[in-house]
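My questions will all concern the structure given below.
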Amino acid sequence: MSHNTFGHLFRVTTWGESHGLALGCVVDGCPPGIPITEAEIQVWLDKRRPGGGKFVSRRQEPDAVRILSGVFEDERTDGLVTTGTPISMMIDNVDQRSRDYSDIARAFRPGHADYAYFAKYGVRDYRGGGRQSARETAARVAAGAIARKVLGEGVMVRGALVQVGPHAIDRSRWDWDEVRNNPFWCPDSGMVETWEQHLEAIRKAGSSTGAIIEVEATGVPAGWGAPIYGKLDAEIAAAMMSINAAKGVEVGAGFAAAALSGEENADEMRMGNDGPVFLSNNAGGVLGGISTGQPVVARVAFKPTSSILTPKQSIDESGAEIEVRTKGRHDPCVGLRATPVVEAMLACVLADAMLRQRGQTGRTEPVPVGQG
Amino acid sequence: MSHNTFGHLFRVTTWGESHGLALGCVVDGCPPGIPITEAEIQVWLDKRRPGGGKFVSRRQEPDAVRILSGVFEDERTDGLVTTGTPISMMIDNVDQRSRDYSDIARAFRPGHADYAYFAKYGVRDYRGGGRQSARETAARVAAGAIARKVLGEGVMVRGALVQVGPHAIDRSRWDWDEVRNNPFWCPDSGMVETWEQHLEAIRKAGSSTGAIIEVEATGVPAGWGAPIYGKLDAEIAAAMMSINAAKGVEVGAGFAAAALSGEENADEMRMGNDGPVFLSNNAGGVLGGISTGQPVVARVAFKPTSSILTPKQSIDESGAEIEVRTKGRHDPCVGLRATPVVEAMLACVLADAMLRQRGQTGRTEPVPVGQG
Amino acid sequence: MSHNTFGHLFRVTTWGESHGLALGCVVDGCPPGIPITEAEIQVWLDKRRPGGGKFVSRRQEPDAVRILSGVFEDERTDGLVTTGTPISMMIDNVDQRSRDYSDIARAFRPGHADYAYFAKYGVRDYRGGGRQSARETAARVAAGAIARKVLGEGVMVRGALVQVGPHAIDRSRWDWDEVRNNPFWCPDSGMVETWEQHLEAIRKAGSSTGAIIEVEATGVPAGWGAPIYGKLDAEIAAAMMSINAAKGVEVGAGFAAAALSGEENADEMRMGNDGPVFLSNNAGGVLGGISTGQPVVARVAFKPTSSILTPKQSIDESGAEIEVRTKGRHDPCVGLRATPVVEAMLACVLADAMLRQRGQTGRTEPVPVGQG
Amino acid sequence: MSHNTFGHLFRVTTWGESHGLALGCVVDGCPPGIPITEAEIQVWLDKRRPGGGKFVSRRQEPDAVRILSGVFEDERTDGLVTTGTPISMMIDNVDQRSRDYSDIARAFRPGHADYAYFAKYGVRDYRGGGRQSARETAARVAAGAIARKVLGEGVMVRGALVQVGPHAIDRSRWDWDEVRNNPFWCPDSGMVETWEQHLEAIRKAGSSTGAIIEVEATGVPAGWGAPIYGKLDAEIAAAMMSINAAKGVEVGAGFAAAALSGEENADEMRMGNDGPVFLSNNAGGVLGGISTGQPVVARVAFKPTSSILTPKQSIDESGAEIEVRTKGRHDPCVGLRATPVVEAMLACVLADAMLRQRGQTGRTEPVPVGQG
C-alpha cells in the first residue's frame, strides 16, 4: 500500500478525479493466459454504478470500461487473454456537470476531506470531491474483476449489507440468495422493509446514515498470507480502511472477541474427508495472519456520508467562518453502493496473497496433513 | 507492509523466534542526528516486559536491548546520535526453558497459528510458538522508541485498556494519570477492581479473556497520510491488525459511526487562535486518509489468548484427532501487555507518515488557512 | 524498480503496447503546486519522436500527450498546477498499420525479446514488438518532463551521443551548443559527417549499428542518494539498463577506472567560495552512492537494433527452424533517438532522490562545511 | 533496492559499520524447507575474508557467521532447514583496533565517501569508513550463500577477475579451473605473473589499482526477469553498482556492442535436443530484460581503492584545506576480494527473479517451444 498503488505481486495503481476527463487503473503483475473481456469487467462495474435506485446518487455515468493494454488474442481460443504485461483500464467521466463551483471552491465541508487535502497539498480539485470522491472506487472494482479471474472459480468472494444506521440484520435469517432480491444487498428478507423506511426518512430529511458490510471469501486454501507485517488480515484491514468513509474493520469475531473467553473463542479442529475441518470460525479464516482454509470473513463500518442538507458550521480557505449545506445529488448511505467495492478489495488482496504464496513456496495449496 | 518489514521511509524489519538465540529489528531510514540511548529504548521495553504482575506470563526475560549499529558519538554533545544508517537492535532470549516439546511438536493448538504455519511452510519452530509468539512484539516496541524520537516531543502517543472481557470502562471517568496507577493500563479508577476480580477468576479457571485497547496521538499536524492506498488510517489498520491476537481496528467513532446520522457524525469547524479547530472528533483525526490536526484515535480488539487449561479438540500433523490442553506459563489476557505494542505501532506509522509528507511536500506542518 | 513501476517517492508506472490503442504512464507522488502544461511535456516528446530524419523509423506518430488527472487550475496564476495526486498521461497510437503479421506472429526474431517473452508468458502481442517495443519509452519521456519540473531550474539534465558504431567523438572538441545543430545529438562538430556517412552505409545495407550516449546532470546538490542498496549510481544503473537495447552503464570514469592508479583516480578537494570544490570528476559526481555536488555523469551503451535485412537463422513457436529477415520501417541506430529517454530516466531518478533526501533529512541542500 | 534492503520476494537487509560491534543481514522471504548450515555459509565468507594474501588488508577478522533465526530442525533429516521466516545472520567485529582516529575524524579523504556522507547526514562513523566500508559486503556474501541454496544445484554462479589495472586477460586461455589455482581469481594462467608483478609494484609504491570482474550464471532457465523496470539486467546493474567502488556494469557484449553491426550482434537460434539453442551469446543471456536460457554474463568495473600513501589535497569538516595520506592497513586492489561479492549479488538477484517468476506464472521453467 503506497500512495496510489496497492499490492505486491498483483499490483493496482489507480488515478483520476471525480470531474476530470476520466479515471482508471493499471493492474500490473497479472499472470498471463487468463481469458478476460471488457464485458466481464463491466458486469462488476454495473453493480457499483449509481443511478439504479432512489436511494443513490442520480449522477448518470455509464461507467463503460475500456481495456487499453495487457491483453491479446489467444490463437487457441480466438478470445482475449492477459499477456502478463500491465493492464490499463479507463472509464470516461461523462456526466461532469459543468456547474458553478464558486460556493464550495474554497469551503471546507464538515466531514469531508476538503480541509485535510488543503492542509496537505495547498491545492485541490474541489469539483465533486476531486480525488477524494467515491467515484475512484470504480477503478478498484475493475481491478477486482481481474483479481477474481486470477483466483479462479474455486474462490468465491461475496458481500452483503448487515447494518444500516441502527438496524442490524438477524443473522439467523441469513440467505445469500436474498442479496440479489433487494436493492440493499440485504441477506435478511425480514429487514428489507425496515431499511427502506429508514432510508426514505433519511432521504426526505436530507440526512444520511452509516452502514456495515460483511464480506466473505470461500475456497481460499490454507497457507495464504505473509507474516508478520504482510499478514492476510493486516492486508485486508488496510485494503478496507482505504475505502472512502470506512471507519472500522474486523475479521471473524472481531470486536466481539474481546468479550469472549478462550473456551468460547477457540475454533476446534477435526479431520474431515478432505483434510482439516474447523468446528467454528471465530478466527474468520485467518490465524497468525495466514489463511486456515475456512471462509475468510471481514466486516467494514462506513460512516454516514457527510453531504447533508442541514447547515453545519465550518471555515474556508481564507479562515472565514461559514455555514455549509450540501446542494445537489448525493448518496444518503454510501454503504448501499460499497459492497462491490469491498468485494473487489478482498479479491485483490487474495489474488496478491496467492501469487506471493506461490512465489515463496511454489504452491498455492496447503501442505497436506498426514504427509507434511 | 511486506513479509517482515513495514514502513516506507521509516522502515522496520523484525526477526526472531520465541525460543531462538535472540530476536531483534533493523530500523532503516531514520533521520540522522537524533540523540538516542539504549536506556531510552529500554524504558519502553520494560513497560512491555512480562513478569511484572500475577496476571501475566511468568517467563523471566530481562529483554535488555543492545544497539549494534546506526548510532555514533556526536562531538558536540558527547552523546550518541543516529547516523542515518540502519539501526540494528538485538534482544537476547535468556529464559528459553529447554523443556520437552514432544507433546506439542506435532499438535495444532486450537486458536493458535500452528496449523496455519504448517499449511503454509510445512516446517515450523514450535517452541513457544516460534515466530508467531507475542515475544516478537518486543522488537516493535524497540522500533517504536526510535519512532517517538523521530516524532519529537510535540507528538505524544499514549494508550489505555478500555475493555477487558465484557467489562468496558466508563469513558466519562477517563483519567490519563490513572493509567500509571494500576497494572492494567486502565484510565478509569472505578473499573480497576472489577477487572482484577474478572482476571482472578479467569486465572483460577485456567481460562483467558479478550480486551480492547485505545490509543491516541496528540500533536499530529494536519496533512500527514498518503492517499489513496497509503491513507493514514489504512496504515494504522494494517499496523494494528499485524499485532498478535488483534481481530479488529477502528478509527474515531469506528463501528459506532454506522449507527449515526450525518448530522451527528460531522465534526464542525471554527477558527481558533492557532488555526482551524474542530468541535468534535468522530473522525478520529483522519479525513480522507489525511490527518486533520485533531488527536488521532484508534481502538484495537484482541481475542482471548488461546492457551487455556480446558482440553479442546484438535488434530496433529499426522492427521490424528487429539485433545489439546495448555500447560505451563501463559498470559490470561494478551491485552494486558499489548498497550506498549499498540503505542509503538502508532508511533512507527506516524514517523513514516511524517517523513513521507516531508518528502513529497517539503513540509511537516500544514498549509496555513488564510494564506494557502 | 518493480515490474512496470520505478521510483520510491516519485513513482512512475508505464503501460501499453506498440500497436495497442494507446500507451501511457501514471506519475505518483509528485509534489503539489508545480506548474505544468501539456505543451511543456510535448516539447520533450517531440525530441524523441520518430519521423524527423532519414535515419529513423518512418512510423508517423504525433505522440500527442494528454494529461488525464492530477493537475488543476491554480487560482493565483490561472495556470495548471500539480495537485499531489496521480498524474495520468496518455498517448494514442495513431499509426498502427493494420498489416498482416502472420509472418512474424510465431517467429522468434534473433536479438529481439520474442523468445524471451514467449518463454516467460506463453503469449505475447507480437505486433511491432508489443510491450518490448521502444515505443514504450515515450511514456518515460513524459514522466521525465514532470521530473524536470520537480527538480527545478537549478538542475540541468542533458545528454549527447558520443559514439556511433566504432566512431567515438573527440572529447576535446565537446560543445554542448553543437548538440542542437545536428540530427545526431553529437557534441563534436568534427564527427557529424563521419556519422552521417556511416549511418548512410548502414541504412543502404539494411544493417544497424550500436551507440553510446553520455548524460550529465549539473546543479545536483551534495547528499542525494540512499546507501547502501538505493545508491544514486545503483538507481541510475538500473534506470538506464531498463531502456530498450541498453547493454552497459558506467558512472564517471567508469570502465576506464579499472586501469587507473589510485593517484590518478582520486578527485582532490579544495574550498571554493560556495563550498567544497573538486579538482577532477572521475567519480562522476557520486561517492559511496551519494551525490558530491559535482556533475552527475553517466554513459549508456546501446546494441545495434536487431531489425536487419540480412536473413538470420532462428526458430518459431512450433520449434521449426526458420530464417528471419526484417521488412518494413525500422531504426538503424536506436541510439539516435535514445538521448531524450536517457535524460528522462536520469531526471526521474534524481527527482526521486531529491524527495527521499528531503524525507529522511528535511533538507535538499548539503550540510554546509564549516558549520556541520 | 531501497536504502539498506534489496530484492522483492527474496529480500536482503544489511546493517553494521566497519568498527561497530557487529554487522549482519536479515534474509526475508526465503522458501521454507531448504537445508542450510552455518558451515555452508562460512565457506563463502572465507573466500571473501581478508588476511589471506600479501595483497589484501591485514585486518584479522574470522568473519564467523551465526544464524540467529529462521532455521529449525527438520525431523526427517535431523538437519536444519529454513522455516520461511526471516533468517538473521550476524558477524562479530573482532579486530576493531581501538586506534586514535583524531587525524581522520574530521577529514574528507579524496575518493572516499567521507564528504558525501557528511553532506547527506551531518554525522558519520568515521572509524574504518563506517557504513561505507567494504566490510559491509560480508553480509552480502552470507545472503548470497542462502540464495545459492534457493537456486539449487542446477544454477551455478561463478566469477573471475579479468583485468587488473591495465592488464586484461587473454580470453582464449580462459580456464575456470585455473581460478582456484591463484590468489587473484584469474582464469588465465598466463596472466598471473603479470598481475603479481603489477600488484607488487603497486603495493611497494603505496598506490592502488582498479580491476574488472566477470561473473556468469549457468543453468538459468529462460523466462526470469520482470519487464519493464524490473528487467533482469536492470536488477543486475543495480546490484553490482551497489558494491563499493563499482563504477560500471555491462551485460553480454556490453559496451563493445556499441561498435557492432546488427549482423554481428544478433544471436542466431536453432533447435537443440533440449529446446532452443543460441549460436552465440552477445546478449549475455538476457533479451528484453528476460533470461533466454543462455548463461547470464555480466562484468563489473572497480575503481582503484582510494587509500594511498601519496598525500592528496582535500578539506575537512571545518572547511580547512588539508593533505590526506593513508596510514595503516588497506587493500591495494579492492577487486581482489570482490569476486565472492559479485557472485553473491548475482545469486541474490537470480533467487529473487526465480521467486517472482514463480509467483506470477506458477512456473520456474520456460514455456516449452512446440507446445506453447
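Order as written gives the chain letters A, B, C and D; numbering starts at 1 within each chain.
We adopt the following convention: a residue touches a chain if its C-beta (ideal position, glycine included) is under 8 Å from a C-beta of that chain, and two chains touch if they have at least 3 such contacts.
Source: prediction; values computed, not measured.
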Farthest from chain C in C-alpha centre terms, which chain would that be?
-> B
Would you mind telling me which chain pair, A-D or A-C, is linked by more contacting C-beta pairs?
-> A-C
Rounded to the nearest whole Å, what is the centre-to-centre distance of chain A and chain C, using the mean of the C-alpha atoms as each centre?
-> 38
Separation of the C-alpha centres, chain A versus chain D, in whole Å, is 44
Chain C, residues touching no fewer than two other chains = 2-5, 8, 14, 29, 32, 84-85, 120-122, 131, 227, 361
Where on chain A does chain D make contact in their complex?
-> 8-9, 29-32, 84-85, 227, 355-356, 358-362, 364
Chain D contacts chain B in the complex at 2-5, 11, 13-17, 20-24, 26, 28-29, 32-33, 66, 68-70, 72, 74-75, 81, 83-88, 90, 105, 120-125, 130-131
Complex interface listing, chain B residues touching chain A = 1-6, 8, 14, 108, 110-113, 115-122, 131-132, 136, 163, 165-166, 202, 207-212, 221-231, 233-242, 244, 246-271, 276, 279, 282-284, 286-293, 301-308, 310, 312-315, 317-321, 335, 357, 361, 366-367, 369-370, 372
